[in-house]
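Note that the chains are named A, B, C, D, E, F, G, H, I and J in the order they appear, and that numbering of residues resets to 1 at the start of each chain.
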Amino acid sequence: MLFHVRMDVRIPVDYDPQRADELKRIERERAQDLQRQGKWRHLWRIAGQYSNFSVFDVSDVQELHDIISTLPLFPFMDIEVAPLCRHPSSIHDDDR
Amino acid sequence: MLFHVRMDVRIPVDYDPQRADELKRIERERAQDLQRQGKWRHLWRIAGQYSNFSVFDVSDVQELHDIISTLPLFPFMDIEVAPLCRHPSSIHDDDR
Amino acid sequence: MLFHVRMDVRIPVDYDPQRADELKRIERERAQDLQRQGKWRHLWRIAGQYSNFSVFDVSDVQELHDIISTLPLFPFMDIEVAPLCRHPSSIHDDDR
Amino acid sequence: MLFHVRMDVRIPVDYDPQRADELKRIERERAQDLQRQGKWRHLWRIAGQYSNFSVFDVSDVQELHDIISTLPLFPFMDIEVAPLCRHPSSIHDDDR
Amino acid sequence: MLFHVRMDVRIPVDYDPQRADELKRIERERAQDLQRQGKWRHLWRIAGQYSNFSVFDVSDVQELHDIISTLPLFPFMDIEVAPLCRHPSSIHDDDR
Amino acid sequence: MLFHVRMDVRIPVDYDPQRADELKRIERERAQDLQRQGKWRHLWRIAGQYSNFSVFDVSDVQELHDIISTLPLFPFMDIEVAPLCRHPSSIHDDDR
Amino acid sequence: MLFHVRMDVRIPVDYDPQRADELKRIERERAQDLQRQGKWRHLWRIAGQYSNFSVFDVSDVQELHDIISTLPLFPFMDIEVAPLCRHPSSIHDDDR
Amino acid sequence: MLFHVRMDVRIPVDYDPQRADELKRIERERAQDLQRQGKWRHLWRIAGQYSNFSVFDVSDVQELHDIISTLPLFPFMDIEVAPLCRHPSSIHDDDR
Amino acid sequence: MLFHVRMDVRIPVDYDPQRADELKRIERERAQDLQRQGKWRHLWRIAGQYSNFSVFDVSDVQELHDIISTLPLFPFMDIEVAPLCRHPSSIHDDDR
Amino acid sequence: MLFHVRMDVRIPVDYDPQRADELKRIERERAQDLQRQGKWRHLWRIAGQYSNFSVFDVSDVQELHDIISTLPLFPFMDIEVAPLCRHPSSIHDDDR
C-alpha cells in the first residue's frame, strides 16, 4: 500500500544548532532503517529546498501515521500525504 | 536526471467523448512506450483524482519538456515540475 | 481502512438539465448501494453547498479509487482525499 | 445538530514539553468525556498530520463554540467548522 | 440560530439575459418573502461586487440548507457559511 | 455608513496571560461603549474561532479607521473590511 | 470619501469582438465623464495587465457601488475595493 | 515614472515599544521629506489596516528600490510593487 | 530598464486550431523582431509548461505595456510583471 | 543546464545584526565567486523586495542543490526553482 508524502522541514533560525544536528542524526538513522525494511521505498531531495518527496509502502494507514509522527523532525515539518494506486497506463503491476 | 511531475487532467464535461477516448488511447501508448524506454520511471494514480505523480529520468531539461509538451493530453493538463536529486539520507546511490 | 473525502459538485449552468438529472439519479442509486454494502460509511451534506463530506471504508486504496472514479458525477467534481487512522484520544477502537 | 470540524494543532518547537504534555493530558480527558456524553461523535486522526477531523453533535451553535473554545489546546489550533445536514442520498435518516 | 453567509453571484457573460432577468426577479421575491418571515435577517450588498453578506435566522441547519439550495441563483453562486453565536462583549443577549 | 469587518485575534501562546487579560478587559469595555453609542451595530462570535463578524455604522471612513486602529487588541488582529450598501432586494430602506 | 479599486477585465477569447469594442467605447466615455465630474480621481493602467488601479471620490458607499456596478464591463471584471483615509504621515490634509 | 506600492507593516507584539516608536518617527520624517520632493506622490492609509497604498514617482527602478529598501520599517513590511502607465481612458496626459 | 515577466498561455481546448496556429506564428515573428531590437533580452521556456520567463529591456513602463498588450496571444495569457534593478552582489554593472 | 530561481530572504527583526551582516558578507563573496565561475549567470534584485531572480547554469540538478543549500542565507530563504529550456521563439540557440 503506497503513499506519496511531501515533507518540508522548517527549523527556526535561532534553534540550538547542536540539538538540531542531533535530531537530524537520529532522523537519518531512522530513515535509513525504514528504507532497509522496505517501508520507505523512495526518498528524493527536492532541489533547492529543505524538502523531500517520499513514497512509503506500508500495511495500512495506521502504520504510515506511526512512522511519520514519530520522526524526530516531525514537529518541524509541514507534511502532505496522498494515497497512491496503480495507474491504468503503468506497465508495472506493482510500481514500487 | 530525475524530475518529479504532477499532472492534473481536466477535460471539459461537454468535450466530445470519442475524441477524448482517442486522445487517452494515444496517451496510454505514448506513456507505455516511454516507460519501456526507461524515461518515465514511475507513474502512479493519485487516489480519487484524475491525476498522477510521475518520475521522469531524462538526459536533460529539454528532453523532459519535449516529452511532456507533446503528450496528447498536454493541453488539458495542469502540470508541476520539481527537479530531484539524491537525498543525503537515502541508502541508494541512485534511487530510480 | 477509512478515508475522508470531500466532494464539490460543479455542473455548468448551461448543462442539459435532463442529462444532469439522469446522472444524479444514477449517482444516488450508486451511493445508496455502496452505503448498504458498508463501503460508504458516512455521507453528509455541507450546509449551503453542493458538496459533501464522506467517510469510505474500503479494503485498500485501489478500491477507494475505483469507487470514486466511476461515480457518474466524477467528471463534475473537485475531490479531496485524506487517509484516516485511530485518534489516540478516541474512546472507540474502531470509529466507523 | 451536527458540525464537521477540522483541527490542526501547532505547538511551537520551543514550547515547554512538560506544559505541552499536561495540556495534552487534560485535552484527552476532556475529549473522552465529551465522546462519552455523545457530543463529540467522531474523532479521527488525519494520517501524517497533527490534525483531526471531528463530528460534533450539539444542541445549538453556542454549545459547539463553548466546547471548542475551552479545549486546553484551543490557543494552539487552526480550526475550520462546517455545519452538516442530511444528504438526500443518505440511507440514514440521521447519520451520526 | 444565526448563520453568516456570503454569496458571490457569477453569471456567464453569454448567458441569456431574459432568463437571467427572470431568475433575478424570482430570487428577489423569494428573498423578500424570507425577510418578511424573519428567516433572512440581514441582506447587504458588498460595494463594488455582485455579492452580498447575509445573516439567516433559522431553526436548524437543515432549514438553512433548504433555503439556500433552492434559491433560483444557487447554481450561479459561490457560497460561504459560518455559524454565529453570542459574542461575550456584545451588549445584546440576542443580536439579530 | 455601514462597514462589514472580520477580526481574527491571534495572541502568541507564550504571551503574558495577565497582560492579555488586561487588554481583553479594556477591549470589552471599549466594544460595549461603542455599541451603546450605536457605532458598533453588530458583534457576533464566529463559532469555533477566536474571531468575530462585526458591522460598524460610522460617519466616514476616517472614523472607522480611528475606532479599529485604537482597539487594544488591534496589534494582534488580522482584519478585513468591506463597505456595505443597500441591497436592491432588501425590504429595509436602511438595514442596520 | 476615497476608495481604492482594482479592476481586472477578463473578456472570453471567443466573445464577439464588435460587441466587446462597443462595450469598451461606452466604458471609456463613462470613465471620462466620471473623471470630469471628479468622481473618478485617478485611473492608472497596471503595466502588462488588462487591469487598472483607480481612486474614486464619492459622497457615500452607495454612490461608489452605483458607479462601479453600472459600468458596461462590470460583468467581465474582478473587482477589489478598499476604503482609504488620511495617512498620519501624509503632508496633505486631503490627498486626492 | 509611476509605481503603485502596497505596504503592510507587521511589528511583533513583543517588540520593544520605544524602538518601534523611534523607527516610526524616523519613517514619518523620511516619508514627509520624500513627499515634499515629489517622489512619494500619494500616501493613503487603508482603513482598518496597518497598511498603505502609495504612488511613487521616480526616475528609474533603481531609485524606487533605494527609497523603499532604506525605509526604517522596511524589515517589518510586506511589499507589493506594480509599475503603472497611462490608462487609455484617462483624461490626463500625466496622472500624478 | 529591466522587467521580469512570466507569461502563462491558456488556449481553450476547443479553440479553432488554425486560428491558434496563425496567432502563434505572428507571436513568434513579433517576439523574434523584439529580440533583434534588444527589447526582449531573454526568453526561456519553463519546462513542462506552456509558459515562459522573459526579461524585457525598455525605455519606460509605457513601452513595456505597449509591447506586452499588443502581443497576439495577450488575451490568452496570465502575466506577472516585476521591475528589476541591480543586485548589490552582482559582478556586473549592468546585467542584461 | 539552466534553472530559474527566486529567493526571498526573511531575517527575523530581532536577529543579531552583527551575525546577519557577517552572513550577508559571506553570501556576497560566495555569490560573486559563483558568478565569476559562470554558475550563477544572472542575479537581479526584485525592486522593493529583499528578493532576487537568478539564473543558474549548472552541470546537473545535484550541483544546483549543492550551491543553493550551502548559501549562508539558505536557512532564511523561501526558494522556488524552475528548470528552463530553449524557447522555440528564441533567436538564440543557447540563451545564457
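We adopt the following convention: a contact is a pair of C-beta atoms (placed from the backbone, for glycine too) under 8 Å apart; a residue touches a chain by one contact, two chains touch by 3 or more.
Chains and their UniProt names: A, B, C, D, E, F, G, H, I, J = Muconolactone Delta-isomerase.
Please read these numbers as outputs of a predicted model, since none were measured by experiment.
S.K.: From the C-alpha centres, identify the chain that is farthest from chain C.
M.R.: H
S.K.: Out of H-I, G-H or C-E, find the interface that copies C-D, where copy means more than half of the contact pairs are identical.
M.R.: Equivalent chain pair to C-D in H-I, G-H or C-E: G-H.
S.K.: Based only on mean CA positions, could you tell me how far chain D sits from chain H in angstrom?
M.R.: 44
S.K.: Roughly how many whole angstrom separate the Cα centroids of chain C and chain H?
M.R.: Chain centroid spacing, chain C to chain H, equals 50 Å.
S.K.: Could you list the positions in chain A whose residues touch two or more of the other chains?
M.R.: Within chain A, residues 2-3, 11, 45, 47-48, 61-62, 64-65, 81-86 contact more than one other chain.
S.K.: What pattern do the touching chains form: line, ring, star, complete or other?
M.R.: Other.
S.K.: Using the contact rule from the top, write out all pairs of chains that touch.
M.R.: A-B, A-C, A-D, A-J, B-C, B-I, B-J, C-D, C-E, D-E, D-F, E-F, E-G, F-G, F-H, G-H, G-I, H-I, H-J, I-J
S.K.: Chain E touches which residues of chain C in the complex?
M.R.: 11, 13-14, 45, 47-50
S.K.: Touching residues of chain H toward chain I in the complex: what are they?
M.R.: These residues of chain H touch chain I: 1-3, 60-62, 64-65, 81-86.
S.K.: Mind pulling up the chain H residues that touch chain G in the complex?
M.R.: Residue list for chain H touching chain G: 2, 4, 27-28, 31-32, 35-36, 42-48, 52-53, 55, 82-92, 95.
S.K.: Can you list the chain J residues touching chain A in their complex?
M.R.: Its residues touching chain A are 3, 5, 11-12, 15, 61-62, 64-65, 68-69, 74-76, 79-81.
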